[in-house]
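Quick heads-up: structures coming right below.
In the two complexes below, chain A is the common chain; its partner is chain B in one and chain C in the other.
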Partner chain A sequence: MDCAVAMNLEAAAMPESQEPLLEVCDLSLRRGQAVVLDGVNLALHPGETLGLIGESGAGKSTLALALIGLLRAPEVQLAGSMRFRGTELTRLREADYRRLRGNKIGLIFQDATAALNPCFTVGEQIAEPLKRHLGLSKWDRRERAAELMHSVGIPEPRLRLDAYPHELSGGMQQRVMIAIALACNPELLLADEPTSALDVTIQAQIMELILDRVRALNSSAIFVLHDLALGAQVCDRIAVMYAGQIVEEGPSDRVLASPLHPYTRGLKSCVVELGSRTLVPIPGQVPPLNAMPAGCRFAPRCPKAKAICGEQRPQAEIRDGRQVACWFID
Partner chain B sequence: MQEPIFSLLDVERTYELRGRGWFHRASRQLKALDGVRLDLQRGDTLALVGESGSGKSTLIRLMLGLEPASDGRVLYGQRDLSQLDAEERKRFAREVAFIYQNARGSMNPRMRIEDILAEPIRLHGLCAESALPERVAALLDRVGLPTGLLQRFPSELSGGQIRRVAIARALAAEPQVIMADESVAGLDVSVQAQVLNLLRDLCREAGITLVFITHDLGVASYLCEKIAVLYLGRIVEQGPTDAILNTPRHPYTRALLQAFPRFDMPLKASLSGEIPSPVDLPKGCRFAGRCPQAQAACRETDPVLTALEAGRQVACLFPVAAA
Partner chain C sequence: MFQAASAKLAQTLLVLLIVSAASFAFLKLAPGDPVSIMLGSDYSKSSYDQLTHELGLDQPVVFQYGNWLADFVRGDWGTSYITNQNIFELAVLQALPVTLTLAALSLLIALVIGIPAGVLAALYRNSWVDVLATTLAIGGNAFPSFYLGILLIWLFGVDLGWFPVLGFVAPWEDFWQGLWHLTLPAVTLGAWYVGLIARITRSSLLEVLGQPYILAAKARGEPAWRVVWVHGMRNVLMPLVTVIGLQLGGMLRGAVMTEVVFALPGLGMMVTTAVLNREYIVVQAGIMLTGLLFVAVNLAVDQTYQFLDPRLRRR
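== the complex of A and B ==
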């Protein structure tokens, strides 16, 4: 699908035709010969939450890393465009990216234990973006860090300021990382599997917290998720990725309640719900990057595949308020 | 009523924590398990559910005889696990298999899949050396893997494949009981569905008794006919899966169910706070500090696991009313 179609779709979904905060047009990412991301189109409006879902190897994390400039030339080759508030990101210099990361774009990673520096107290780590981006004084930083810790639900923040990460539980470490990500009131929050290492009870707490803070700041958020039901609960829009392409994208209630793409359907029939009686796994596995099928990348695993699917790549069409890339949409 | 295959009689497991420095030598106790009673019948499929720190893994380690109980008894058949002699111990190891949480980490990285699967068969002398290759190939086939993988090393296999090899190894000695610790955590949904279906079919076909640790109630309900919910070293509720899902009677079970992500329900953080430290346990009910309906009596009296209806036990002074 080209950008004009994407724009039309967005215009149809958003009558007030607000400028998108983030716009990704025909983005491709190559690593040597391998095409890791292929023709990705996305638009995210202020205040929206988007979920990227799909199996490992779908390119969810790669897309997130490319957006924040942690995957770029010469390591990989980018083509197409990514615009954040009108700024083209694909050609942005590292120095300018540094002004965005941790400032206008906040980041939350999956493994808080690995993401936090074990040698610094959590107070120092929360204060770092406050110093770098906002230039606050030492005293102000400490005050603000304590406020932030309070806002993410850490009890007795003033006592915990001087704690090292290992002195906190997994849930508390994740809260610290959220505090760091939100320190400069970002316009976009990127969260890569923020709760997959946590218990369900803590997961619900952390997700509620992230949504609450995102809404309070009127920011947008992109979640990389593997749990479809969680995606339905926290995301306004869902983009289903398969082998580096977006196969279906649209409002989460429609995409997940009545999926149109066979892959989205397949994913949904694998989800274990409370009291599930049967699970129907998708046969086969994601093809390796060096042996991608020529036509539709999902064709070898697709129950509906016909001759054309193996030969030509389907272009995304707009159906029922979403983009779907399949030759045989019902 | 047939004889239970496993019985836990008021099992307790405490760890001594040594105080810091000369002046703090008074040691404290960490109670990982406290007064656990559990009967497992032949052919049962039981899920142990609870948050991290609830004692699930400790319980399974005790049932495998990897750790002694500090108090109480773990019976396998009629025999106390701590009193098995060498021969009984070996028979126990053949009859009760364990699938570790970290499947890759539980395999020797320098052994080929073929040898990993052959080891338990050789150890227990289950077949002649000449019949071994055929038997190993049949095992791999049983878990749906191509025999081409036999010559590979664990590091060459994907996450889903390595879990299947772990299951095949557990089946190698034809066990009667399989215990598995979070065997599908961290897998993609489609691979997870494959592994769950495989485990379910194997247990049904061979009539294997299954004890499955998981923090995912969905997985528990798919795989097991019974669920035991643990909190801070105690079983707080146990019973048939359907009954527990439909009418949870313990507030903790209900909170776990509410926190489970669902397509048709909004996100709900049903519990505040985290599981407290198992050192210095509070008087009264352990869950009272986080319980949305705790009353004064809950902080005074420690509820015991009592039968509510057939096969259903709850440890709560004020159980949630059955809907």
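== the complex of A and C ==
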């Protein structure tokens, strides 16, 4: 699918037809010989939330890191385009990209315990983007850091400013991480599995907190998740990824209610529902990156695969207000 | 906190006690009878017995050890048979400052060269910079310091005449003269340390740079130099200090060689001369002083840990 198609689709979905905040066109990312991302198309409008759903190794986190510019040449080879507020990110100079990171684009990591530097206080780490991007004075940084900690629900923020990460619980550490990502009121927040390293009891709290802050700041957000149902619940739109490609993308309710791509259907039937006794796993595994099939990457595991699936890659088509890449859409 | 500190103190005292017992035993086991040496060739039985009594040598060994230890703690370390010099003065006031100055200067040179070399090697891993730094590091580590010292004397001292070949001028008396005299010895001793520091910096930094918090610092828009030198190096200091502390033994061993080659009147020179003259009492003072230095450095390293790693701090 080319970008014109994606734009038409977005225009259909969003009647007010705003300029998209983020527009990814035919983005490919290669690491040596391995094609990690293959022809990714996405559009995200201001205030919108998008869920990237897929198994481990589908390229969700890679896409997030590529968007914030932490995976660039010469480490990897990028092709295609990523436009953020009209700026072409793939050609952006490193110094200019650095001005976006932590400022206009924030990133929440999966494991806050590992993503916070053990040698610096949480106050120092929250204050860093405030100094770097907003140029606040030392006193103002401290004040603002305390406000941010309060806004992410950390009790007694003034006492905790000088705490080291190991002195806080996992949930509190993730709240600090969120405060860092939101410090400069980013227009785009990327959240890479923000709750999967946490206890089940606080997962919902943290998810609720992120959504709440994103709405309060009127930011857009991309959530990297592996849970289709959770994604559909918290995001406006959903993009299902498989082996570096987006196989189905559209409004959450429609994707979850009537998935069109066989892989999305497989993911849906993997979810154990209360009262349901059947659990249908998807047979097989994601093929290794150096041995991807020439045609549809899902073909070897697909129950509906025919000869053409193994030979030619299906182009994304618009059906029912979403893009689907499959030869046999019902 | 108090419990940990007192346990540490008890441990330290035990180590010092063992060192003192070993060095006392060393004197006892040394060949030769001090009384007959002091009396000369011709003496009577009564004068022999009298001197033995005066020196306390007729008492049980445990009492002798106790007396010796008490004298040692008071700073009464005896007198050299040869120069008639007070050994405390000789060892602590004269030799020790020379060795400490040499060691400190060598460490400074090693840090100033070794850390940037290690960082460059880590940042440009597997490039020619890395190969060069690693080769120099291993070379410096493998090259015997006595040979390097002679080479440096030959090249910079004799051939080019840039630096003095021998001798020591105290930097606290004439700073630039002292530094000038200490340059070649400090480079000789430091070369060995450069390799060690560069290797540890390289491997620790490579490990640290792979950590998620480094990626997180980049995601906050931190510039590359700050990511490496602040976020990265802050976490490298811990293993670096550990290795520097552990390798102080190697430093003192190297100092002996260096002091002999460059004729510096330090601890190594003092002990070497004493061994050649069979002045066991001076060797003993050298052993005790070295033991004390070790214990002091270990204590200092332990204290530094708490300063460097917030996770080890007790509140």
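Note that in this section the second predicted complex is superposed on the first by the 326 of 330 C-alpha atoms of A that agree within 3 Å, B and C clash if a C-alpha of one lies under 4 Å from a C-alpha of the other, contacts with A are read in each partner's own complex, and residues count from 1 in each chain.
Heads up, the rule we're going with is that a contact is a pair of C-beta atoms (placed from the backbone, for glycine too) under 8 Å apart; a residue touches a chain by one contact, two chains touch by 3 or more.
The shown structure was predicted, so the numbers you read here are calculated from the model rather than taken from an experiment.
Judged by the touch definition given at the top, the superposed model places A:Asp227 against chain B, while chain C stays out of reach. After overlaying the two complexes on the shared chain, residue contacts for A:Glu143 are found with neither chain B nor chain C.
Of the two partner chains placed around the shared chain by superposition, chain B is the only one that A:Ser56 touches, whereas chain C remains out of contact. Contact with chain C, but none with chain B, is seen for A:Tyr164 once the two complexes are overlaid on the shared chain.
By the touch criterion stated above, A:Asp26 is placed in contact with neither chain B nor chain C. Within the superposed three-chain model, A:Leu267 lies in touch with chain B and out of touch with chain C [touch as defined at top].
Once the two complexes are laid over each other on the shared chain, residue contacts for A:Ala114 go to chain C alone; chain B is not touched.
Judged by the number of chain A residues each one touches, B leads among chain B and chain C.
In the superposition on chain A, A:Ala257 makes contact with chain B only, while chain C stays out of contact range. By the touch criterion defined above, A:Pro281 reaches chain B but does not reach chain C.
Contacts of chain A with chain B, set against its contacts with chain C after fitting on chain A, share not one residue. The touching residues of chain A, when paired with chain B in their complex, are 55-56, 169-172, 196, 199-205, 207-208, 211, 226-230, 232-234, 256-257, 266-267, 269-276, 279-282, 285.
Interface residues of chain A facing chain C in the complex, by the touch rule stated above, are 65, 68, 70, 98-103, 106-107, 109, 111, 114-121, 125, 128-129, 132-133, 164, 166, 177, 180.
By the touch rule above, chain B contacts chain A in their complex via residues 51-52, 158-160, 186, 188-194, 196-197, 215-219, 221-222, 242, 245, 255-263, 265-272, 274.
By the touch rule above, chain C contacts chain A in their complex via residues 211-213, 215-223, 231, 234-235, 308-311.
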